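Take this structure first; my questions come after.
Chain naming follows the written order as A, B, C, D, E and F, and within any one chain the residues start at number 1.
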Amino acid sequence: MMKSFRGGVHPNDSKSYTASKPIETAPLPDKAIIPVRQHIGAPCSPIVAKGDLVKKGQLIATTDAFVSGNVHASISGKVIDVGDYPHPVFGTCLAIVVENDGKDEWVEGIPLKRDWQDLDTDSINKIIREAGIVGMGGATFPTHVKMAVPKDKKAEAFILNAAECEPYLTADHRMMLEQSDRIVTGVKIAMKALGVTKGYVGIEDNKPDAIEAMKKAFSGTGVEVVGLPTKYPQGAEKMLIKVLTGKEVPSGGLPLEVGVVVANVGTAAAICDAVTQGLPLIQRVTTISGKAIKEPKNILVRVGTTFEDAINFCGGFASTPEKIISGGPMMGMAEPSIDLPIIKGVSGILAMAEGESNTGTESSCIRCGRCLNACPMGLNPSMFSILGERGHFEEAVQDFNLLDCVECGSCVYVCPAKRNIVQYVKYCKAQNAAKKAAGK
Amino acid sequence: MEYFTLFMGAVVVNNFVLTKFLGLCIFFGVSKNLSASAGMGIAVTAVMVMSSALAWLIYNFILLPFGLTFMTTAVFVLLIASFVQLLEMVIKKYSPALYNMWGIYLLLIATNCIVLSIPLINVESSYGFLYSLVNAVGSGLGFALAIVLMASCREKLRLADVPKPLEGIGIAFIIAGMLALSFLGFSGMIG
Amino acid sequence: MSTEHTPKEYSIFQIAINLTITCFISGIIIAGVYFISHPVAVKNAAAKEMETMQVLVPEADKFTPIEGEEDWYAAEKGGETIAYVVPGETKGYGGKIGMLVAVNADGSVIDYQILVANETPGLGDKAGKEPFKSQIIGKTSDHLVVTKDASNKEDVQAMTGATISSKAVTKGVKEAVDGVVEYVGGVK
Amino acid sequence: MAEVKSNKELFNVSVSPHIRSKESVSKIMWTVNICLAPAALFGAYYFGLNAILILVAGVVSAVFFEWAVQKIRKKPVTVKDGSAFLTGLLLAMCLPPTLPWWMTIVGSFIAIVIAKHAMGGLGSNIFNPAHIGRAALMVSWPVAMTTWSKMTTAADVVSSATPLNVLKMQGHEALIDTFGNASNMYQALFLGTRNGCIGETCTVLLVLGGLFLIYKKYINWQVPVVMIGTVGILTWIFGGLVDPAGSLGFFAGDPLFHIMAGGLIIGAFFMATDMVTIPMTIKGQIIFAAGAGVMTVMIRLLGGYPEGVCYSILLMNCLTPLIDRFCQPKKFGARG
Amino acid sequence: MNTAIMVVLVMTGVGLIFGLILAFANKAFAIEVNPLIEIVEEALPKGQCGACGYAGCAAYAEAVVLDPDVPPNLCIPGKKPVADEVAEITGKKSAEVEPQVAQIRCNSGIAESTKKYNYVGIEDCIAASLVQGGPKGCQYGCMGFGTCAANCPFDALSMGENGLPIVDQKKCTGCGKCASVCPKHVIAMSPIGEPVSVLCNSKDKGAAAKKVCSVACIGCGACKKSCPYDAITVENNLAVVDGKICLEKCNNPICLEKCPTGAIVPLTEDAKKASVVIKEAAAKAKAEKAAQAAQAKKEEK
Amino acid sequence: MNSLWSEFKKGIIAENPIFVLALSLCPALAVTSSATTSLTMGLSVMFVITMNNCVVSLIRNVVNPKVRVPVYITSIATIVTVVQLALQAYAPALYDALGIYLALIVVFAIILARAESFASKHTLIPSFFDGLGMGVGFCVALVIIGVLRELFGAGSIFGVKLLGDWYNAPLIMILPAGGFMLIGYLIGGWKMLVQHMEKKEAERSEA
């Protein structure tokens, strides 16, 4: 039996809607709304103007900041606007709108053929940076930053995060079944760039077919494919590292402190495309699911396609949805509308029918301790909600390690009093940041 | 064994705060947070032991031989007040850190029932010198225990939705009532 | 919290004399009051003690202190000792219980009164009242034992819910009786 | 407030997570009520009319007081969550079957109004409300609270004292005498055909209820096990030393008797597990349970009362905030 | 008699000994503390609101006594009397403290505004603003969860029926705590008695603002043009009134009538009356004009 | 005159030494299990505090600040000893009932607090009224507590049986636990009373 991490929860995984649906390619949108900020880090500045003609894969926004990710046109056509548009994460954001000319032409020079074996670490990282690859597990952290190992640290292992522990989502699952070559190549490239020989693939054991497929694909590569107990948040990188290597990433530290780099399945595939063919990140596989969707699907979709288009491709709504979520139900964001572009980090779009998503009515904490037992980070979530409610955010940070919370939502899931702990955590973090900023 | 019984009796069974109502001003005034109340508990114990010793000497060598027992109160209170003030000055001078921690409570101690009553009880019950000291230590620790428990409860209730009028001292009294109720469990255990 | 804004300097003598004078005046006042009140207090205390003893032994016309035994009195009627009034002390539920016990020369209890006690009102403090009192009165040392057995009519029945006080008071009385018996020289 | 009625056209937006488990406070509370019900019903059957009156008075008044306080404080009324029902039920189950019913109402007033709502209502109280209610009744009317009727249903357990009382006052031998022989005694203790508080006598039904709660993960098994274990071990070691009939020496106590007598079973399974008033971490709960066990034994063997479960739990309740402070969970990735 | 003499002797002796000890200790252990700190603290109103910029009244007392650069008038709730007292104690000069009250610069209640989504979560403005910017259509407007009211140390704010906070001008000390907690920065501290103000905080362009709120300031500048004293400026599509100018100079708030959306609002009784008069006059003028036009038309015919 | 009245009045309600200032709490519990002892203690304290305020206001200018506290305490101790001696001589029963708490009047914080914060800054007359007001407030609080505890805990007031034999008095009222809880609620009630009065006052001043 696999070692497990402490805490965690077992929500109903609801993956059967789409687990057996092969990835379908969504039609090109009439116009793509491409925000200049699709990642953690500095926003990019547009380098095209209204009226310019762009081709697929053309760089349209960039920046010198290291922690950032280039933005490329996902379709070819005319730039019809550069302005503020709704954004699934930031509310509104500067976006470049490209009107489809229907030609879907690549920009000059790609696709190309490149033998990755010949490349050294720096050139691989350069390619990844130029391709605008960011983490596709949802956090959208620029991958080239992650791959750049500082001098004083040494990477020892690479972990492919294929846990896909969020309920409903099956995009990674389908990719592993259908596109194992891309994934394997991506992992090999990453391992070469990092200079490591040890690799792991962690997959939750509710996807036996994927474990099978990966084992086959990775046979003889020295990469260990491991079936992990199904338990949310198995895919959180600290948990994954703990389970696979037995090491605990120190509080506030990065995986590299224990010599590990973690990347998502989609990220690995994107690395493969970029390095072997020179393709920038302009599309992704995402899961459209939920009871309010007529035909839930896994779709390959261009960045900038609106939620509405994607949902229409899945037959539209079966009933009036009560809630729209970008990402999974545990960590995803509820969205106020479906006029939003799909960006690099949108791993799923869920339309929840009435009663499907359930947040309950908050009552006072009865100190039952379930949240303590569920918290994978070993925190005391009940205190976050209580202290947050009374405005004692400093105490939450200092005495209860609030900043260690990864907002996984396990505590909220199990709470019988339906406490909005994650919201209190966000609240406390925001207040604490504001206070710090004011202090400076 | 006799000393042990006396000591345990003073700490829990006949806890001065919860069964004899002494030292309530500080008990309610300084129990808002845990570290302050722990400091206070120690301070009270220290002052009580030292003044008990002095008081015992004065009583047995001056007041008793000259038949001046009716003046005990006046002399003791003067003794304690001066002693506390002296202590305050010494601490302020030599350990400002300590002073910042519980200097402010020292003056409160000077006008606190429990500090005066222990020496009084000691001499009234004609306890011996050592016995008096043990009684003082036990009572002081009993006070410390009670105030620390009180503070931990109040720290918890600070985050609770206590009815407005009861907030602060009111709810503290109610907790004290429940502490006293719980401590009845010890009744009959010793003495 | 003095109102002057700049602290002044004082000499040691100035400070010391200040307190000394206060104490001197205080001493005079206390001494004065004591001088007046003390005799009254002594007189009242004595009168009260007599009164108490009178209640315990109503037939007596005189109480004379017994030499050699502190606070012991012989109750006399027409010059003849009819009883002894002696103090007793025990430890009850709420601490010390002090009492006065009137004992016949033959070692039986005439009456007793609890003077100081901290027993629970409504429970332990019933030990000084009827019907508990009448159980004790008349008994001799042998039967001054508390029982909880309802069928035992010889000994003292414990008060419901206050066994401790019952035992304590009974023990106090018994000790007083034993003391008297010993003093009288084992008269039975 | 600005809350307009939820508009069907608009989506709901809230912070993640968007799915929640099916557990709720009221589900937990009502389950506990149901687990207690068999033992309560047994008490009602065995002790008769007055016991039924006490149970009804306890529950109805507790629910009423909760409703009234919340109305007066203009807070949302939450009597349906079953916690007041539970407090009333537990209080009634810990009272002697002969108690005048109106005293039960005074007890539940103290439990609900003073011990629970003065401290901020469900979840904020420091002391176990039912126990505060019981302890308050104990000091208010000690005679009524320690008067036991002669049993009528089972002819051979005629005694007007509880077994623990007999043990304390008359010793172990006398205790066995009241039941005839030792196996009769254990049987009576196990089945509940003995004197005692209404709901505390029937060991078997209480244990079954408790096991169901453990199975449902509503309580941690460590708490009853540690508390009962501590009492068992300590009474075994020291129980013989303080027998009124003379010391029997070490290891001469009767742990089985001590475990089943008095309120230990109901206390360990249903009251030392009240999550509101005990530490939150398992470590803290074990400390709590062990402490409560030690206190119980101290009170039973050394103290003025024959039974100590109620006070031991209250005394540990006082310590809970301190225990909580020093037993925080170990955070992930803590250095060292 | 003997006892009485002993009493006096012992008392005096005790007094002398303790007096000497204390006096000696006083010399031996003397250290400098500034007694003024306590006196100043005593004078402060103890709201512990932090409006002075220090962590509470005691901290300010210490700072104002020890640091010569700290002015004595930082305590806003205390207003002038406290400032004067502190100034007197510390020997510093007390400058004028401007009396201020909180003003809610958004007039869009439930009826006047649109909603973006149904908010489900903690009833608190800061928490709600973290969820997609809050449920109100206008991202600059008051969300009405009452965080300001809950944080007012002087109990001067309450939430009105329409979901907007109401300032009790008598209780408001102008400490600014509410303004600092409001995540939308809707609350401004303004001079007491200001006759009119633009109660809107929206920096959206006119059309966008109008779409989500019926009483929005659309930044059209009509008010600015009408104001004879240049008290109004328009920046970021939002008009702002300089209350001090109005207070000093204006007694005929003509701007009120010019605003097409009614975003500019009379605040004082006088201004309200004046506004009615102006509006009536305007209506009359309009009616007259219409009548004249009709007349003219008729005549034409 | 008006200001003297307000000096007097504040001690009774708005700054009640027990319910509001929470000073000198020990006697509020210890001697209040009957109304009679409450009243006696209340009157004793009232006497001491008033006297002491007068003494302090008279000597305030000659007292050296370095020994202020000991001097004030000496003054209090003297007055208390006088009361003690007087009670012992003329009312021995009460003297016994008050027990050690009579001696402890010396350290009741309210007395020193008034001396320090009021009498040492004011002249004789205001100090007298301040002391009297505080004393009355103290006495009123004690008597309220005493009456309630005696009534509920024994069915009588000042020893006079009011409730009949049907009344089965709960002992908790005369025990520590009940005393604490009762005072807790009285403090809460007092707070509401003070707020209510302030509101009334404000309304009146507005009108």
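By our rule, a contact is a pair of C-beta atoms (placed from the backbone, for glycine too) under 8 Å apart; a residue touches a chain by one contact, two chains touch by 3 or more.
Keep in mind the model is a prediction, meaning the values are calculated, not measured.
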Using the contact definition stated above, find the chains touching both subunit A and subunit E. B, D
Greatest Cα-centroid separation from subunit E: which chain? C
Return the chain whose centre of C-alpha atoms lies at maximal distance from the corresponding centre of subunit B. A
Contact counts by the stated rule: is the higher one at B-C or B-D? B-D
Can you check how far apart subunit B and subunit F are, centre to centre, with Cα atoms defining each centre and the answer in Å? 21
Using Cα averages as centroids, what's the distance between subunit B and subunit E in whole Å? 47
Using mean CA coordinates as chain centres, what's the subunit A-subunit B distance in Å? 60
Just the number, please: Cα centre separation of subunit D and subunit F in whole Å. 41
Which residues belonging to subunit C are in contact with no fewer than two other chains? 1-3, 10, 14-15, 18-19, 22-23, 26, 30, 34, 38, 93, 123, 164
Which positions in subunit E are in touch with at least two other chains? 3, 7, 10-11, 14-15, 18-19, 22-23, 26, 116-117, 120-121, 130-132
Of all residues in subunit D, the ones touching two or more other chains: 10-15, 114, 118, 120-121, 123-124, 136, 139, 142, 304
So the touching chain pairs work out to A-B, A-D, A-E, B-C, B-D, B-E, B-F, C-D, C-E, C-F, D-E, D-F, E-F
Contact set on subunit D toward subunit A in their complex: 8, 10-21, 23-25, 27-28, 78, 81, 120-124, 275-276, 280-281, 328-335
Subunit E residues touching subunit D - in the complex, by the definition given at the top: 110, 115-121, 123, 130-132, 135-136, 143-146, 159, 163
In the complex, the residues of subunit C that touch subunit B are 23, 26, 30, 34, 91, 93, 95, 164
Show which residues of subunit D lie in contact with subunit B when the two form their complex. 73, 75, 114-115, 117-121, 123-124, 126-127, 132, 135-136, 138-139, 295, 298-299, 302-305, 308, 310-312, 314-315, 317-319, 321-322, 324-325
Which bits of subunit D are touching subunit C when the two form their complex? 142-143, 146-147, 169, 304
